[in-house]
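Scroll down for the structure; my scribbles are underneath it.
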Amino acid sequence: MGQEVGNRLDLPFVEIEEIVHRAIKEDVGTGDVTSWCTIPADLEVRGNIVTREPGIAAGLIVAAEVFRQVDARVRFTCMVQDGAPVDGGCVLARVEGPGRSVLCAERTALNFLQRLGGIATLTRRYVDAVAGTSTRIVDTRKTTPGLRVLEKWAVTLGGGHNHRMGLYDAVLIKDNHIVAAGGVDQAVRRARALAPHTMTITVECETPEQIEAALKAGADIILLDNMSNQSVANAVQQINGRARVEASGGITIEQARDLARLGVEIISVGAITHSVRALDISLDLEPEGP
Amino acid sequence: MGQEVGNRLDLPFVEIEEIVHRAIKEDVGTGDVTSWCTIPADLEVRGNIVTREPGIAAGLIVAAEVFRQVDARVRFTCMVQDGAPVDGGCVLARVEGPGRSVLCAERTALNFLQRLGGIATLTRRYVDAVAGTSTRIVDTRKTTPGLRVLEKWAVTLGGGHNHRMGLYDAVLIKDNHIVAAGGVDQAVRRARALAPHTMTITVECETPEQIEAALKAGADIILLDNMSNQSVANAVQQINGRARVEASGGITIEQARDLARLGVEIISVGAITHSVRALDISLDLEPEGP
Amino acid sequence: MGQEVGNRLDLPFVEIEEIVHRAIKEDVGTGDVTSWCTIPADLEVRGNIVTREPGIAAGLIVAAEVFRQVDARVRFTCMVQDGAPVDGGCVLARVEGPGRSVLCAERTALNFLQRLGGIATLTRRYVDAVAGTSTRIVDTRKTTPGLRVLEKWAVTLGGGHNHRMGLYDAVLIKDNHIVAAGGVDQAVRRARALAPHTMTITVECETPEQIEAALKAGADIILLDNMSNQSVANAVQQINGRARVEASGGITIEQARDLARLGVEIISVGAITHSVRALDISLDLEPEGP
Amino acid sequence: MGQEVGNRLDLPFVEIEEIVHRAIKEDVGTGDVTSWCTIPADLEVRGNIVTREPGIAAGLIVAAEVFRQVDARVRFTCMVQDGAPVDGGCVLARVEGPGRSVLCAERTALNFLQRLGGIATLTRRYVDAVAGTSTRIVDTRKTTPGLRVLEKWAVTLGGGHNHRMGLYDAVLIKDNHIVAAGGVDQAVRRARALAPHTMTITVECETPEQIEAALKAGADIILLDNMSNQSVANAVQQINGRARVEASGGITIEQARDLARLGVEIISVGAITHSVRALDISLDLEPEGP
Amino acid sequence: MGQEVGNRLDLPFVEIEEIVHRAIKEDVGTGDVTSWCTIPADLEVRGNIVTREPGIAAGLIVAAEVFRQVDARVRFTCMVQDGAPVDGGCVLARVEGPGRSVLCAERTALNFLQRLGGIATLTRRYVDAVAGTSTRIVDTRKTTPGLRVLEKWAVTLGGGHNHRMGLYDAVLIKDNHIVAAGGVDQAVRRARALAPHTMTITVECETPEQIEAALKAGADIILLDNMSNQSVANAVQQINGRARVEASGGITIEQARDLARLGVEIISVGAITHSVRALDISLDLEPEGP
Amino acid sequence: MGQEVGNRLDLPFVEIEEIVHRAIKEDVGTGDVTSWCTIPADLEVRGNIVTREPGIAAGLIVAAEVFRQVDARVRFTCMVQDGAPVDGGCVLARVEGPGRSVLCAERTALNFLQRLGGIATLTRRYVDAVAGTSTRIVDTRKTTPGLRVLEKWAVTLGGGHNHRMGLYDAVLIKDNHIVAAGGVDQAVRRARALAPHTMTITVECETPEQIEAALKAGADIILLDNMSNQSVANAVQQINGRARVEASGGITIEQARDLARLGVEIISVGAITHSVRALDISLDLEPEGP
């Protein structure tokens, strides 16, 4: 019923080995003294990774990689897939292998599952709020340093979409850039002239005049930051399909629903990565049978 | 009034350059397209890093390192010290330098400050709850993979203490180890015989019998996990100074206060690192003067 | 008259130190035996980096980094800026410092300057061919493994623009993807639904039917690969501004001129990075004066 | 008929995993968006890596490593061996596996094959020019930064030999060293006294007097740089077997033939690594059968 | 009779791959020229790793990793276990595989076995000297830079125990710290207040007054450095079980025996890692049978 | 009188930063708890690095790098130069700076100085034994994994010379290679044909017939391993200047003298790197003056 984890291509796989290696090194350091002292070298154990509350499963292929790197003899079998909604008490995966290795890897594996599960679960609540509309819930660059690629992957497991990955893959002109460039028009025109033709240009606008200037200069997306619902409604009407509309700024789940109805296509939410409660998950070893 | 950041020896400094380098690489990648397109190469800017809510400042020397790595010409001046309690609207640091560089480094610096500030701030609330007692609030290994050294440092900035850093620097015998070793007595005796003489031995106990066995075998610390206040009180009385007492397991701020009064010396709290709300902090550029 | 090299923000700077470090390590290994054996430790030298043929200067800030890493006491002064057109015999930079260090760094610095100069110079010939039109000459992913960021930077120094940096920052649907997805329509719709909203979608089309399907499904850019000028002309007419038009496939400088006149907005050329003749550049030490 | 790639000991294998890892990371970054969007996760494909022009195959074991690192499930079967002369239209290797993985790895694998193939092919033309003599065509240190070990391996696949790998494994005294040391005699004697006894000493000489001094001081090899054929002939006669003779300096294929006949034992050619046209190679997916 | 090497969890395994990789890279560099030149690619060989003198076997799992990384086709079979006492002429392991690979890996594997074997052998002599007492022979931080984790592991294979691994996992207050802190009392109290509760505190004491102050301030271990046997005896009597007692300072095997009888619990010896004679071990290839 | 350490070009500098970084990371890990706990942040200290026995100073520029990496504010002043013969009680260097930083770096710096000093000192004893002859004492590849470049540098500081650095920079044909190749003649001819022309070829010979074959095939150096003095004398006579002569195999200082007199040009000694007693060196802090 469970399945071996093999294909890692669904996730940005290039980084995963290094991130996991770093995490293990950080926790294990010069060795797991307790397991080495107290557990016989040849003891085999069996256990389940179990949720303690409902949520979205996220990070199972990362957890599998943790156990693999610690000891390739550990068998890790997924019982659900990354992205699956689960209840409390759900067995996410089964692990079997040398006792020292299983306990050595436990905490690092759980740390990934709990954080990524927390992100996917919170994202899902936002996504559910805009269900039935064409609005996307997207993430931001407010991620934990060193884990962005995994955290943004967890957002997609929760049903969200990704915004740009970093400063390098899209143009997002904010108020500071506008001031520095000497105005919306000039900033957008320069970006249009210099940026790779494959990149879209988003412009943060605060006034109808800025919106008009941005549209004329060729902006692809207008970003409305920290605006009232009414202001957003006005802006959507003004833009009228000439560009896509994105809203951001401390948006709650309730606001997300309202903004979606107003025709905002993209809602970016920092909280789904920067202020997450860990999903409660643990590893339960099975008592040995007769 | 502010001071240059120079001495990094207060923090486990060996890792800091690598962690910051990784974070910048993750965000900047092949380059900050927006700044490059829209900001003139020779434009100088000046700005303040400001809190938007009260809390504990944490991570200023990390933020300083971010700006330094992005461009050594940026001047970063701390206005408060790491660990200082601050109000909303407080200027944590001033930055001056090339506009492209300052904006390029902004998000990465803030990501560190917001997460570490969130940890220090939440820790402080626990520490305040046990004020006037000799009880320590300590962290756990439930940290974000790759950032443990910084997150545990933030705990100390909030007034907390550190538990072991990883599996390598102390012995902590949990129920799984006890089962695997064939009982408390055997587990503790093996650890006493094999572990380095510089390491303490903590034993998780669930019954008075286990506590007695652990004490006789030479445990240094008895860990009481997920127990009621009454059970903890009984255990403290039974132990009666023969070992130190630690409590853990989803402990709230209110419970922390109660446990401290019952004589628990060490309270370990996972939430201060695994379920943190980011402290709200931003960078405000100053408009250029006349 | 020359200027010190300080600001590296014009180039994707995160990688540069590592690329240069790797190059030095590769060449110097366990030490420059010849310089150590034959040159006195305290001998100071002075020299010029000089072109032996006309072209575009490219890579001076990389060369500066090479000398800096080998020995921070070497003074490297740029006499022209990266991107400047130069004649043969032009002094690109002056170097002064310990003789052992200057000669140790020489070859690595020249290897960068010659390759990047070759790229910029060839790019410029294409760019000149389409001068007076709004057509962009852009690069491809056919770059030397490990040097993409520098080679694409050299393209911009030659007046070209960059295409996507890699597989991660834009969607480019080729014939293989179309077959795998079951048709143009399905491929583009899936990409539109799943890809980040900040990414553009380019579709390689071979027939008028495919072009029509791609446009209807929401393609941003139509890529015409290895087509005759006549076919390109027909396609441009069919597209008629509903998407941007890109051409590729072994395009010569002469063809580039023709395609630009036909209204192709983007011409991507693999040869400017994969089949480049090095620009002839050398380091001439000055004889010591009296 | 084809053969699995297993033994990597023919090539300097220590570096290969890292070079390939870097190349994949550079191209794939945070993920191959196009393949992920448009190709079903379970689609299997089959294809051939095919030459579009005649040349020398080079880099197949590197290409194999690219596919292996991207996805160990891809089967890569060499149809010819590295170093084999091939016609246009020749199948170099067959690949089968998950469609997303095959397309993800394609460009990186081809970039290696095209560059290394270009080097081996050009080298072979020089080697053929001196066929029937005992003259060696050797490379220089004018290689692409970061790829030296592969490029020098490609030279051997084309029938050439390697010169020193870097500054660390042989002594090569050039005019600058001679000036700094105060003359040929002093430079060579110092090198003879200090350099490891396992290293040979090559000296660049411009006059008969220098040649005589170098020979007396114990030079192993006399390097004649940028000399006319007549001058080379005179020098060979003067040296008369007392040292080996090397020629260098923009040597064309025709000149190589002449120099070989004059008795030059070693001809070093920078162009075979610094000014190479990529060999035209592509991956053709097979249409799925019925 | 021999056994495959599989489980690496007995050794601090996180570092082992990197240490071995570095060692191979250092020795093999751009390739094993001699093996490549002289040994046919398809020649298989078989050999034994044999001791030339009695001692303690140490490092077999490291040697196994060396051969594995050089060529996964080499079969490495341990004939004894790490930690076993062996005579001269004892076969530690058998190796079979491609001749080029076996000879390429030979020196690096032997370098590990000889150094670690030397450490374990010398440690054992100290351990034997205190046999029958409860005294531990422990190591110090005087290890070879970069190999500490392996050298400390070798100490345990020789029957010794480990002291702290580094500056991070225990508190050891030396005379310099005492001076800087303004006295024993103040130094120990500050450490007691600030250090993690899991760490023990060792204090180096020179006088009875310092011992008394250290005990009162809560020291766990009293370190007596470079004291006469009589002074140690007096100190042990004074401490009288209130703390553990450690002795150090150029202690010879004979002194170790005396100190153990005096009741010193811990004897730390720098020489077992900093002044070790390599154990004589070699690889003997078997002549090919008929 | 002392001098700042600036120029690192006398030593193979590319590796030094990484080796030192690794060593510090290994020792300091997550931080120097003792110094942090007991020493005030602003306390400045001053001390001397002093020998406790006579020997050759080696590693001062490495020690300087250790202090620099730990804290750039520490001032490190060399009082003697690397390679200088020193008595016991000699001040090698002075250090001044923040107390926490100086004590944090102490052990790592001393570990380098003691090991490298031990190597240089033992080498010097061999070199002195052959003084007055033209014989070279050279090292082997029997070095500590990860430190070869430094250990071989220490050999030169003791007056020795370096043998090849690794498997990549010279050809050394041993008995195993000869067997595998099918005889001396074939092995040497293949090496002569395939190895780079810059590499010398050394052949280990056991009989006069092998010596003759090696010379005829073009060997540059004949290696005599584990031979009696008489056999060596015979071999030297037979070779008679047709190749250089090297001896090896557990050679003692006394034997070295004899072999030098017999005309052996090169004596390679493994013990000077694999069985070294650390030179006794310590850091003495100065008491603060009034």
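Labels for the chains are A, B, C, D, E and F, by order of writing; each one numbers its residues from 1.
Keep in mind that, in the parts below, a contact is a pair of C-beta atoms (placed from the backbone, for glycine too) under 8 Å apart; a residue touches a chain by one contact, two chains touch by 3 or more.
A quick note: this is a predicted structure, and the numbers were derived from the prediction, not measured.
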item: Remotest chain, subunit F as reference, centres from CA atoms; value: A
item: Subunit A-subunit F separation of Cα centroids, rounded to whole Å; value: 51
item: Inter-centroid spacing, subunit F versus subunit B (mean Cα positions, whole Å); value: 44
item: Distance from the mean Cα position of subunit F to that of subunit E, given in whole angstrom; value: 22
item: Residues of subunit E touching at least two other chains; value: 12, 28-31, 35-36, 104, 149, 165, 168-170, 194, 196, 199
item: Chains grouped in pairs wherever the two touch, ordered by label; value: A-B, A-C, A-D, A-E, B-C, B-E, B-F, C-D, C-F, D-E, D-F, E-F
item: In the complex with subunit D, residue positions of subunit E that touch it; value: 24-25, 28-31, 35-36, 41, 71, 73, 98, 100-101, 104
item: Residue ranges of subunit A in contact with subunit B within the complex; value: 19-20, 22-23, 26-40, 43, 45, 99, 103-104, 107-108, 110-112, 114-115, 118, 141-149, 165-174, 176-181, 187, 190-191, 194-196, 199, 270, 274-278, 285, 287
item: In the complex, subunit D residues that touch subunit E; value: 6-15, 149, 152, 165
item: Residue ranges of subunit C touching subunit A (in the complex, touch as defined); value: 12, 136, 138, 161-165, 168-170, 196-200, 202, 221, 244, 246, 265-266
